[in-house]
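Both of the next two complexes hold subunit A, though its partner changes from subunit B to subunit C.
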Partner chain A sequence: MRKALLLVLLAVLIVVPVGAQEEGLPDFIKHTPCEVDLTGQTIPIYHLGDISASYAFITQPLLVGLTDAIAYYNARGGACGATFEQVNRDTAGDPAQSQAAYDDFSSREIKPDVLVLYASGDSELLRTQLAEDEIPVMISAGSVDGLYGENADEPGWVFASNPIYVDQFGDFCEFVAANPEMYPDPVIGYISWPGAFGEAAFQPESIAYCEAAGVDVLDTPEYFLPSATDISTNVQNLVDNGANILYTNSLASGPVIVAKTVVDLGLEDDVQVAGVNWALDTSVALLSRTAIGSDGLPAVNGLVGSLPFHWYSEPDHPGIQLVVSQFEANERQLSQRNISYLLGWALVDTYVELYAQAVNQAGSLEAVDGALMKSILETIDYYPLDLYHLNYPDGLRSTSANRMAMIRYANADMTGPATSGDDALKIDPGDGTTLFVPLLIPLEDFAPAPDLRPGQ
Partner chain B sequence: MSSFAQTQNPASSAAFDARRAIKWFLIAVALVVFLIWLAPYGMAQKPGRLVESAIRGVLVGGVYALVALGIVIINKASGVFNFAHGYMMLAGGLIFHAFFSVAQVALIPAFLFSAFVVFMLVTLNGWRMLRDPRRLVIGAVGTALLTGVLMLPGQDWQLIRGFVGGGLGAAALGLAVERFTIRPLIGQPLFTAVMMTLAVGEVLHGLTQMVWGSVEIPLPVFDVLKRIGLPERLSIDGADTWLDVSRIVFNLELVVAFVLAVLAFIAFVLFFRFTNVGLAMRATAENQQLAQSVGLRVRVILAVAWAIAALLAAVAGIAQGGATSLSQNLPGLAFYAFPAVLLGGLESIGGAFVGGIVVGFVQEMSRRLFPGLQVDTELAPYLVLMLVLVIRPDGLFGQKRIERI
Partner chain C sequence: MSSNIRPSGVFDTTYSDDIALNRTRGEKAVSYGIVALLLLIPLLSLEGPFGISLVPQSLVGTIIRIAILVISVQGLNILTGYTGQVSLGHAAFMAVGAYSGAYLARQFGFSFWLALPTSALFTGVIGLLFGLPSLRVKGFYLSMATLAAQFIIPWTLRYPLEHISNGSRPLDVPVPDLFGINFGADGAMYYIVIPLAMALSLAARNISRTRTGRAMISIRDNDLAAELLGINVFSYKLQAFFVSAVYAGIAGCLMAFHTNNISLEFFAPQVSIELLAMLIIGGAGFPLGPMFGVAFVILLTQNVIPALVPSLYSALPSLLPFLAPVNVFAALNPLLFGLALMIFLIVEPRGLAYRWEILKISWKIRPFSY
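Here is the complex of A and B:
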């Protein structure tokens, strides 16, 4: 009896401080109030994709962001009291492994209510099966084929939280046309990785949209593999045909090698580099530290691209403040302070909202299924951490708010961007390189990107 | 074979010659048709651009040749096609990075690393070498010296530290691969060893991920070369010349990789032709059991071959990692080297070099002549490989095999 009392006392001593530590969420996060208590239950966040190959620089911080965000939300009541856990599979970019991971998830006794994917290729691969299995997918950005099908007329089960790549490209052309002082006589050459992601933005609709806006796009794109040793000929082909803007739908080392080649060929004054939202990331800015331009700054300095959410360089934003404070509290590395870390947080916040709405409608967690989640996603109007607007009206499967921003590097006083390597803030990371501190400077306010699905 | 047939049966020999003449005539016709078809694409280009692509193709081919050389060395010594070579490149580059990119290596890791390297070298001929006190003393002194070199502090020594640590680390890796995975298969079917290299590749994949992660790592090795005065790029002024382009530019990275490939090629030609170990390797490749029966130390020869191949892989990994970054994409470069190896002939050092150059040249020229069609990465080099294998099944410089029945 005495032993049992001691055990109870010990349990109370352990549980009470944990309970006492539980805090609420900041006021700016406004979830739907829960009408059902799910305390004691667990919600898996299923996700699959490449975390060890070409996308690793982007996707590994996603895991870290999800881990930190899950811990944060779980300590604050999770979703209606239920706690989250990650269930993920690394596919190393291999479609066969994506299929195997999906088969594993979808054949479980309790199928995922929602699934998270990283790659356009995977969304295209699994599109039909997702519809058959009634599993909605959340993805960051995507291709027309993945979201709307081959003929772009069947909005499916995949929902993107950024504008799709073809829309981003069209939006960039709009920006170019509106800024002739930055881009006089613009001619865009498209240079990217081959494959569903790399080729997603180069579509007849985006080219026609650009042409209509007064921006020429070269008919022939150039593609290079992530393992390419040298892409000088690809760049030279485009420049010889008149390109003075190189647009890339690649990430991590992709935009870096494009910018480095422009520097190597001595074309810095004649050619500007631009890209998809993944090109505007810490990974790109940090990898470029071994490719220095003639101004002494990394070659990607000045790269323009889509930034369809708020960013770390907006310190007054409450969502950014929260993420940064947790990033620092968890002592994460600089390379992890990237786009995916941010999106990992927004994703978990979205899950809280989705499940709050779902259990309110279904009455219990067991009654929540993919079909219900899809119907909620179709009508959702939510701002995850206020970083972006999640909203899919009129059969849309991607968000539309977008803006252009530019990669710059901080000056030594941290008062703004450096003008050259001489006045830049430099850090010695001890690996023989010089680290420059990247900034993403928004160049315009958020506005709807064009809808460039075929037939629109 | 043909001379043997000639002495036996003149009639069948004449028929054979006729068939061969017809075959070469058809090949020549096909080549002419191909060139006529290609000519308009070439004419559409400025001469300077064609020259640029040709030279760049040769330089890029130098990187492929460097990779191909490592594969050929293993094949030449053991008959095994090493599918793990791509991951040996990555591992070598990462070991180099571990010593190159730190201000100073701490005592314990430096000592453990040195002890492992020396242990693998001292026991080259088998574990029984550990019973020899003299070798143990040599090992202890070697470990102490190597530890001292690896602990040299500061950026002034980073290149020395990197090359000593990276070079010896890669060699030790090659020795370990041979000792623990290939040596137990001596006398077993060759296919087993080939499959083992696939497994070794995946193990290295996993190990490199576990130790260094999957995130790309910049390797600023060429910055050091620039610091010591080498130009960032080579440039040819083509304005107002027949080249008809303002200028032609080549990166330092490509030029250095090409020079390394040429030096490696020369060194290995000399090695195989004029050294006992080189000759022994060739004999071992012919028949391991026969070589052993005439007193050649097959195990040592195989170990040396793997060490050399791993060293070459590391050099290629450092060159490629410096030009781009060290990432899990890097082993993909080996896929370009595979056609180079087969094109040149599986056992030919010169063939690997020429094969690498041909693949690089074909890639660059197809990229130039057929922009946007994506023929450069896989289609063109493998088409050339198919054509060469149809015409010369043993590759351009491969040894013709005569099987006695």
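Here is the complex of A and C:
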């Protein structure tokens, strides 16, 4: 009898670590059950990119999100018992540093099974090398060149968790065409940062798609540097040529300066500012607090753009609930409650799923490699924290579900958006400015964005 | 300098002895040893044919990047170190080499082997054009004229030549190959870049010993005196611009084919400043200066500082409370780079190469200190 009890106890001790990995995770998170126990092992999450230059507003909260999410998942068994650790390098937006950081990661004795990049430029820079080294990359959004090559016919090793920029722009045109009461006679002027990211949406395919939907797009885009402080000439050029919508593929200070210039030129009532998914972010909403419109609200109030995942302003969503509860538990700042904090959580959750599938197939962590990860990504069908749908059918390298949303600011009662500065909820941050609490209001349900790769 | 100082009793007995770069067996052994060691490095890395990990694989990529910039800074050394013409547009000439090489390969199907010399010559011609102001201006004004290149060339590539350069967006560049051998991997590309860097460094070294090189040095030291001696100052300045731009073109073209992707961000104005700083740190006017300078700066900014950053994350809040740890890389990189430059300008304005020469002399005349 005692021997039998001991055997049962031993069996429990062996089984528990394998089964324990999901203990403590909410029910809505449904990872693939692990068949291999990785307890005691470590999985590095390699990522590189600009943390301290023009992307800092976005990427610094990503680090915080990754840190919080890693701590949360590690405390709950990590991936099949293995714990995660971050290995990252800041490139400060310098491609030479990106190359050096990539060389460092890719030449390690154990190459990364997956790498995370932040910038479209980096994905284009490293595309060929990633294929040679067989390292798949996860990126949030991206360009056609980075994901499919310049002829758009070679799905590579880079996988985006949002629709690519050209698709987002086409989807925006679709939204504009479907809402003629909001946008009568729409003419879009494209104004953005120069470079792989900023120019990624302004492509012949997206322009043709918009024109076919009845939305004119001005032939000549306007570009300004992230460091620019006056872009009134750029905005005036577009408006003089008939633009009544300004679409920007920039982030943080980019959409803010566009909206601020529209206000400064007195064009608020005539021009709609719109943008890529990064434009719909807390960073944009908070940076705009010093650029106030005639209604007393920050200039970006009313900015429309893509929101291809669930957001903080959907408090009933279980994934949002989890992230917000951890955000509060870790006493993070309002500026960190942004798009990247959310995506950092989704990323770690994706890692748990990827490694569960990978070790089940490979039998051990040592046997997992980039080629296996790529094959898993190609067939994955997973909802990271239920925030978005990760799925890449038919050689696609980006997801397609998207929706449009609008930046608004909360009213004093927190019952909805404010109509002016007078009834807005205001917070004194103690730096002489006034903080308005941003809300992102979805304007439609999720639907597939058009596939605007060349040749599709 | 140190080559002229030998232990007592060692004489040149032939003309070839007199012009030899390595004058003693010891020097020869060291030189050949370094070459052999350099060529062995990829073979001793994990991705080499033996699969051993005696040398970290990342070192191969680092050495390639250093070698490419050494070629570029050797060109700058000819212009600035030997001829005394300060250039603030060197990165723009690298851009010309990179984009012309990429264009020739993409549009006309040129192989890398043909694109490299063609783009180098083309860059030389562009360098000549920007050297023309040296006829009328010098010093501060000439450096401003070369700075113009740093703005005009990227602007031309970005806007009028957008159909060729892809504007501000990155441009794919084919992988070099030869007789079916693909040079996409670092280990293979190494054997293109390193021999070229060695050959071009030797060529730069020899230029300084020719009639042309001596004329250039005389222009640097005193252009009026040089002119009075019958040296065609303008012609030699133009030659220096041409050769310097050829070197930059080769470096740019190699960079494009090494990364297989280029963008104008690689050739920003600050890169020109950094190239000049590398030359100052290494030692302008010394053949070894570019090697020391580039290696010092690249190792500092791409290896040492990134390695320091993680440990600084925890230490910084108490040391520099005004600096958020997450910004440490962006803060530390220019700070240490600037600091290094300042220290060299104050403590050793003639650069690391000069210090190396002093060390070599001390070794040769040991145990005497005079």
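The definition used in the following text is that the second predicted complex is superposed on the first by the 433 of 456 C-alpha atoms of A that agree within 3 Å, B and C clash if a C-alpha of one lies under 4 Å from a C-alpha of the other, contacts with A are read in each partner's own complex, and residues count from 1 in each chain.
We adopt the following convention: a residue touches a chain if its C-beta (ideal position, glycine included) is under 8 Å from a C-beta of that chain, and two chains touch if they have at least 3 such contacts.
What you are looking at is a predicted structure, and each value in this text was computed from that prediction instead of being measured.
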item: Partners on subunit A (subunit B, subunit C) - clash or fit; value: clash
item: Which superposed partner A:Thr233 touches (first subunit B, second subunit C, both, neither); value: first
item: Partner chain(s) touched by A:Phe57 [first = subunit B, second = subunit C, both, neither]; value: first
item: First, second, both or neither for A:Ala177, with subunit B first and subunit C second; value: neither
item: Partner chain in contact with A:Leu334 - subunit B first, subunit C second, else both or neither; value: neither
item: Subunit B versus subunit C as contact partner of A:Ser107, first or second or both or neither; value: second
item: Touching partner for A:Arg89 - first (subunit B), second (subunit C), both, neither; value: second
item: Contacts of A:Glu132 with subunit B and subunit C, given as first, second, both or neither; value: second
item: Contacts of A:Tyr223 with subunit B and subunit C, given as first, second, both or neither; value: both
item: Which of subunit B and subunit C A:Thr290 touches, first, second, both or neither; value: first
item: Set of subunit A residues, in rising order, touched by both subunit B and subunit C; value: 51-53, 56, 60, 92, 194, 223
item: Subunit A contact footprint on subunit B (complex, rising order); value: 46, 49, 52-53, 56, 59-60, 63, 100-103, 155, 158, 209, 213-216, 218-220, 222-224, 232-233, 235, 247, 249, 251, 253-254, 257, 320, 323-325, 327-333, 364, 367-368, 371-372, 374, 377
item: Of subunit A, residues touching subunit C in the complex; value: 51-53, 56, 60, 63, 89-90, 92-97, 99-101, 103-104, 107-109, 121, 124-129, 132, 143, 145, 149-150, 194-196, 198-200, 223
item: Of subunit A, residues touching subunit B in the complex; value: 51-54, 56-57, 60, 92, 194, 220-230, 232-234, 236-237, 240, 252-253, 256-257, 264-266, 283, 286-287, 289-290, 335, 430-433
item: In the complex with subunit A, residue positions of subunit C that touch it; value: 45-47, 53, 56-58, 60-62, 65, 158, 167-170, 172, 175, 184-186, 259-261, 263, 265-266, 301-303, 306, 309, 326-331, 333
